[in-house]
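Next come two complexes, and both contain chain A; in the first it sits with chain B, in the second with chain C.
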Partner chain A sequence: MKITYPHMGNLYIVIRALLTSLGLDLVLPPPTSNRTVELGVRYAPEFACFPLKLNLGNFLEARELGADTILMAGGVGPCRFGYYAQVQREILRDLGVSMEMVVLEPPDTHWSELKDKIRWLVGDRSWWEIIKAIRFAWYKARAVDLVEARVLYLRPRVFEPFELESGYREALRKIDQAASKRELDSVVKGFFRFSNRLPRRSGSLLRVGLVGEIFTVLEPFANYDLERRLGLLGVEVTRSIFLSAWINEHLFGGLLRVKGTKHVKKLAAPYLNFFVGGHGRETVGSTVDFARQGYDGVVHVAPFTCMPEIVAHSVLPSVTKDYGIPTLTFYLDEQSGEAGIQTRLEAFVDLISARRERVRKEKH
Partner chain B sequence: MDLFLGIDVGSVSTNLVLLDPAGEPYLTPLYLRTQGRPIAVLQQGLALLREQLSSRDRVCAVGTTGSARFLAGVLVGADIVKNEITAHAVAALHLVPDVRTIFEIGGQDSKIIILRDGIVVDFAMNTVCAAGTGSFLDQQAFRLNLSIEEFGALAKDATNPVRIAGRCTVFAESDMIHKQQMGHPLPDIIAGLCEALVRNYLNNVGKGKEILPPVVFQGGVAANLGMRAAFEKVLKTEIIVPPYFNVMGAYGAALLARDYAKEGGQTSFRGFQVATLQFQPRSFECKGCSNACEVIEIREGKRVLARWGDRCGRWGSSVTGAEEVNEEAKSIS
Partner chain C sequence: MVIVGIPRALLFYYYYPLWRAFFTELGVQVVVSPVTNKKILDSGLRTALDEACLPVKLFFGHVLALADQVDYLFVPRLVSVEQKAYICPKFMGLPDMLRARLPHLPPIIDLPVDFRHSGQTWDHFFEEVGKLFTRDRHLIRRATQSACEVHSRFQELLESGLLPPEAISVLEKGEGEIPVQQQNCLLKIGLLGHAYNLYDPFISMNLIKKLRQLGASVVTADCLAPDLIEEKARRLPKRLFWTLGKKMIGAALNFFENRKLDGIIYLTSFGCGPESLVGELVERWAKRRAVLPFMLLTIDEHTGEAGLVTRLEAFLEMIKRRKKNENYLPTYG
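Presenting the complex of A and B:
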C-alpha cells in the first residue's frame, strides 16, 4: 500500500510525520504546479471549486509516482467539500485509474467511522502508538506554524526578502526531516535566531488580516501567493487560520491552549448566526476580530463559486459599515489572473494607507 | 518649463500626458493604440513628445501606470509606478475635487471607485464579467460600419430602446443581431445595447456599492454618448465626463510624479533617448525550486535592466548590473 494525500500549504509535513511514524509507506504528490492545475481542470467539472481541481491533479501526479491509495478528508454541512472525495473517486474510476480512496470523515461528528478507518489503515498497532504518532504530528504542525507566523511578521520588515525566503524554505525542510520533538524545538529556535539577525526597518506597518476558506488561505499556489505579495508591499499579514489551531479544534476537541476559532464564531453574531458550512462563520467572525484589534484591512479569499464564503462576503459590508474596516474579496480559480490580483492588492494597500493617514491627522 | 510625465500603458491604449507645475496638460495628451507592442508604441509616444518640446523644457519626474506599468517604468526610468485604480482616482480628484463615485470603463477593464471626503474608501474591478466593454463597443461599431462616435450618437435618436441580453458580450451580440433581423430600428438597438452594458456594469462591478453624486465617468467608453445617457437614465443623476477622460490614468500618474518632485525627489528619468534604444525582452523558467517561476528579463544591449516574475526575489533582487548573475541566468535557463 502506497498512500498519497493532497497538498494544502505545508500540511504535507504534518501528515508525513503522522503516517511514517505509523510505519506506513507514502508517496507525496509533487508540489502543486501549473501541471497539477492542467490535469485537475481537464477532468474536473467546470464549476467544481478550485480545491477539488487541485486535489485531483495531485492524485494523478502521485499516481504517476506509484501511489495506489488516497487519503482524503470528508466534511459535513452545506459546503460541497463533504461530497468531493466521492466525486473524485468516481472521476478517477471513469479515467480507469484504480486507486483506493480512504475518506476520513470529520472526527467531531463521525468519531466511530474515523476510528474504523484508522484501524483499517494501521492494522494491529496499539492505540498508544497511534496517539504517540498523532502527538508527534501535532508538534510538527506547531513548529510549522511558528515559523510561518514569524515569516509573515518579518517579510515586510527585512531588507533582503530573498534571504528570509531561503531561510524559511530551509527551516521547513528541517522540520520535515526532524525525528524528535527535541530536534523540532532546535530547528524552530535556530530559525528564530537566524531571522532575528536579518537587518530590518523599524516603525509601524500596515496590518492586514487574511480570512476565508481554509484551503485557499493555506495554499499559496491557490491564492497566487497573496501573503508574499502583501508582505513585499510592506504589509504585515495575520492569518485567521493556522493548521495547528484547526487540528486542535477538530482532532483534540479544543483541549490544548492554542488560539483557535471558538471565540471568532461567537463574534460572527449578530451578522451571521448560523453554520453556513465551510468557514463562512469564521470569516465573518475573524473580520470582526481583526477590526476590533485595530487592523487596517482584511483580505478575504475563497474558491470561485464557494457558497459559504459567498454568504460571508454578502455579510461583510455591514461589518465594514459598523467597524470602518475595509475588506477586499478574491474569488480564486484557474481563471484568476496574476496581474489583476497584483493591481487590486496594490490599490487596496493605497486605500488602507490613505485611511490610516487620515485617522492620524484627525488625532493631531 | 519644468514638466511631469505620466505614462499609462494599457491593453488597448498607451497614453502619455505632460503636465506643467500647475497640473495642466502642457501638450495635447497622446492617445495611441498599444496594438500588442507596448515597447514600440511607448517609444513612438516619447519620440512624438520630444519633437514638440523645446530645449528649455525639462522632465522633472515620471510616473507610470496601467497593466504594463512595471515594464514601462523600467524602460523610461520611472520615479513612481502606480496601479491604475489609484492613478485614476488621483486624476479624477484633481479635476472634480468633490467626486464621490468614479466609473471607469476602458478597453478591457472596468472599475468602480468609491471616494468619501477625498479619499478612496472602496473599489472594485470587473471579475467574472463586464470585461472588454470598450473593445466590444468598438467591434459592434465596426460591424455596423459606423465610427465609434457615430455609433454612440445614434443612441440619442432612440424612441423605444429594445431590451438586449447583456450578461456577456457573446450573448449580447447574438441577441443584438436577432433584434436587427426582427426589424427594430438601429438607434433603438444601440440604445438598448448601451442600457444592457450599463445594467451589467452596475450589477457586476458596482454591486453593493453606494453610488453617490458627483459621479465621474472616465475611460475610453465615456466618449460614447449612448453609454452616458444610459447611466443617467438608470441612476437619475448627472454624469460628469471630465476633459481628458480617456487619458486619466496617465494624467494621474503625472500628478503623482509631480507630488514626488515637490517632495524633493530626484528623477531617474532616462531621457527621451529611450525612444531610440534597442530593448530585448526574454523569459526563462527558473529551476531554483519547485515553484518553477517564469522569469521575464528586459535587456538593453548587454545590460539587464530588470527581471521579474520570480516569487522568491532571487532574480528580481539581483539586478544591479552584476555580470556573473547574468551568466548564472544563462546556465539555468
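Presenting the complex of A and C:
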C-alpha cells in the first residue's frame, strides 16, 4: 500500500510525520504546479471549487509516481468539501484510474466507522503508538506555524527578502526531516537566530489580516502567493488560520490551550448570526477582530463559487461601515491570473496607506 | 391588519401554502411579490453580490418588490427541513445578506427553520413566529394545525401529478381547476432542477410550457412520491447532506429506470455550488448507462431565449429520430 494525500500548504509535513511514524509507506504528489492545475481542470467539473480541482491533479500526479491509495478528509455538510471524495472517486473511475480511497470524516452514524478505517490504516499498532505519532505530528505543526508567523512578520522588514525566503525553505525542509522533538526545537531556534541577524528597517508598517476559506488561505499556490506579494509591498500580514490551531480545534476538540477561533465566531454576530458551513462565520468574525485590533485592512480569499464565503463576503460591507476597515476579496480559480491579482493588491495597499495617513492627520 | 410579505422565490414553491395558511389563520394579511419580471430581476442583480447565484439574486429582487408595502418580511433562516440535511449555505445566511446589502428594509422575520435534529418540526417554528403577533397560544396552535392540513393537501396534489405552481393555484382558487393531464403526448421528458428555477417562468424562460408546446409531457422530481426518491438516494455510497441534491439524485435514478421516459433534461443555474457536484454525478451516471438521452442546461442572467429553444428543438428531434430507428431494430437485440 502506497498512500498519497492532497497538498494544502505545509500540511504535508504534518501528515507525513504522522503516517511515517505509524510505519506507512507514502508517495507524496509533487508540489502543486501548473501541471497539477491543468490535470485537475481537465477532468473536474467546471464549477467545482478550486481545491477539488487541485486535489484531483495531486492524485493523478501521485499516481504516476506509484501511489495506489488516497487519504482524504471529508465532512457532513453543508459545504461542498464533504462530498469531494465521492465525486473524485467517480471521476477517477471513469478515467480508469484505480486507486483505493480512504475518507476520514466525522461518522454519520457510528464512531466505529471511523475507528475501523483507522484500524485498517494502522494495522495492529497499539493506541499508545498512535497517540505518540499524533503528538509528534502536532509538534511539527507547531514548529511550522512558528516559522511561518515569523516569516510573515519579517518579510516586509528585511532588506534581503530572498535570503529570508531561502532560510524559510531550508527551515521547512529540516522540520520535515526532523526525527525528534529535540531536533524540531533546535531547527526552530536556529531559524529564529538566523532571521534575527537579517538587517531590517524599523518603523511601523501597514498591517493586513488574511481571512477566508482554509485551503485558499493556507495554500500559496491557490492564492497566487498572496502573503509574499503583500510582504514585498511592505505589508505585514497576519493570518486568521494556522494549522496547529485548526488541528487543535477539529481533531483535539480544543483540548490544548492554543488561540483558536471560538472567540472569533462570537464576533461574527450581529453581521452573521448563524453558521453557514466552511469558514464563513470565522471570516466575518476575524474581520471584526482585525478591525478592533486596529489593522489597516483585511484581505479575504475564497475559491470561486464557494458558498459560505459568498455569504461572508455579502455581509463584509457592514463591518466596513461600522469599523471603517477596508476589505478586499479574491475569488480564486485557474483563471484568476497573476497580473490582475498583483494590480488589485497594489491598489489596495495604496488605499490603506492613504487611509492611515488621513486618520493620522485627523488625530493631530 | 398587519401585513407580512412573502417573496415569490427560493422555497416559495414548496412552502407557500403552509406559510400562507398559518399567517391567514392568525389574522395576519399575506402579500406575495408578483411573478418574476425583468424589473424584479434587474433590481436583484443590482443589489446582490455579483458572485451570488441567480436564484439568490432573484430573491433580492422579490424582497425589494415587497419592501414598501409590508410591515414585515418573511425570510425564515432555512437551515434544514429534514433530519441531518441542509438546503444550501446561502439559505442559512440569507437574512444576514439581505440586511447587510439592503439597509432600509422593514423588519425581517428570520427565525430559523432547523429540523436537523429529531423532534424539531414546523410546530416549534410556528410557535416562535406566532409569538411575534399574538399572546394567544391557543390561536397559534390552531393556525399551526390548519397550516399543516393545507400542507398535506398540497402534497397530495403534487403526488397526483400536479406541478407546484399548478397545485398552488388549485389551493388558492378552489377545486375544479385541476388542469387536465396531458395524455397521449408523443414524448415524455424527465425534468430535473431546483423548483425555484424550473417553476419560475421568467427564469426558466417558460421551459415547461415550451416543452409542452413541442409535444412533450414532463415529469419532475416533485411528481415522485418522497419515499421513491429516498429509496433511490439511499443507494449512494455516502449519504448526501443536501435536501435538494438528494431529491435530484433520487429522481434521476428513478428516471433512468423509467421505461416510459424518452429523455432527461437537467436545468441548473450558473454558479450553484451543490449542483456543480450533484449535476456532475448525475451526468456521469447518465453517460455510463447511456439508456436515455440526457441534456444539461445551465442558465444565468445572460442566457437568451432563442438559444434555449434551438437546443430544446434539437434535443427533441434527436430523441424522435432515435425512437424511429429503434422501431426498425429487432426487439430482441
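Convention: the second predicted complex is superposed on the first by the 357 of 364 C-alpha atoms of A that agree within 3 Å, B and C clash if a C-alpha of one lies under 4 Å from a C-alpha of the other, contacts with A are read in each partner's own complex, and residues count from 1 in each chain.
Here, contacts are C-beta pairs under 8 Å (C-beta built on N, C-alpha and C of every residue); 3 or more make two chains touch, one makes a residue touch a chain.
Keep in mind that what you see is a predicted model, and the values were worked out from it rather than measured.
Q: So in the superposed three-chain picture, is A:276 touching just chain B, just chain C, both, or none of them (first/second/both/neither)?
A: Touch partner of A:276: chain C, not chain B.
Q: Identify the partner contact of A:79: answer first if only chain B is touched, second if only chain C is, both if each is, neither if none is.
A: A:79 sits against chain C, while chain B stays out of touch.
Q: So in the superposed three-chain picture, is A:186 touching just chain B, just chain C, both, or none of them (first/second/both/neither)?
A: neither
Q: Based on the superposed arrangement, let me know which partner A:87 touches: chain B (first), chain C (second), both, or neither?
A: Touch partner of A:87: chain C, not chain B.
Q: Chain B or chain C: which reaches more residues on chain A?
A: Tallying touched residues of chain A, the top partner is C.
Q: Under the stated touch criterion, which partner chain does A:354 make contact with: chain B (first), chain C (second), both, or neither?
A: Touch partner of A:354: chain B, not chain C.
Q: Now for A:317: first (chain B), second (chain C), both, or neither, which partner does it touch?
A: In the superposition, A:317 touches chain B and chain C alike.
Q: For A:331, using the defined touch cut-off, is the partner it touches chain B, chain C, both, or neither? Pick first, second, both or neither.
A: Both partners, chain B and chain C.
Q: For A:47, select first, second, both or neither according to whether it touches chain B, chain C, the two together, or no partner.
A: A:47 contacts chain C only, not chain B.
Q: Using the superposition described at the top, list the residues of chain A that contact chain B and also contact chain C.
A: The answer is residues 304, 314, 317, 331 of chain A.
Q: So in the complex, which bits of chain A are touching chain C?
A: That would be residues 45-49, 74, 76-80, 82-87, 89-91, 94, 103, 108, 271-278, 280, 304-308, 310-318, 331 of chain A.
Q: Given the complex with chain A, which residues does chain C contribute to the contact?
A: 48-49, 51-52, 77, 79, 84-90, 92-93, 95-97, 99-101, 110, 112, 236-242, 270-277, 279-281, 284, 288
Q: What part of chain A is in contact with chain B in the complex they form?
A: 30-31, 33-34, 160-162, 165-166, 169, 225, 228, 232, 304, 314, 317, 326, 331, 339-340, 342-344, 346-348, 350-351, 354-355, 358
Q: List the residues on chain B that touch chain A in their complex, please.
A: Touching chain A: residues 67, 82-86, 117, 119-123, 125, 127-128, 208, 289-292, 311-314, 317 of chain B.
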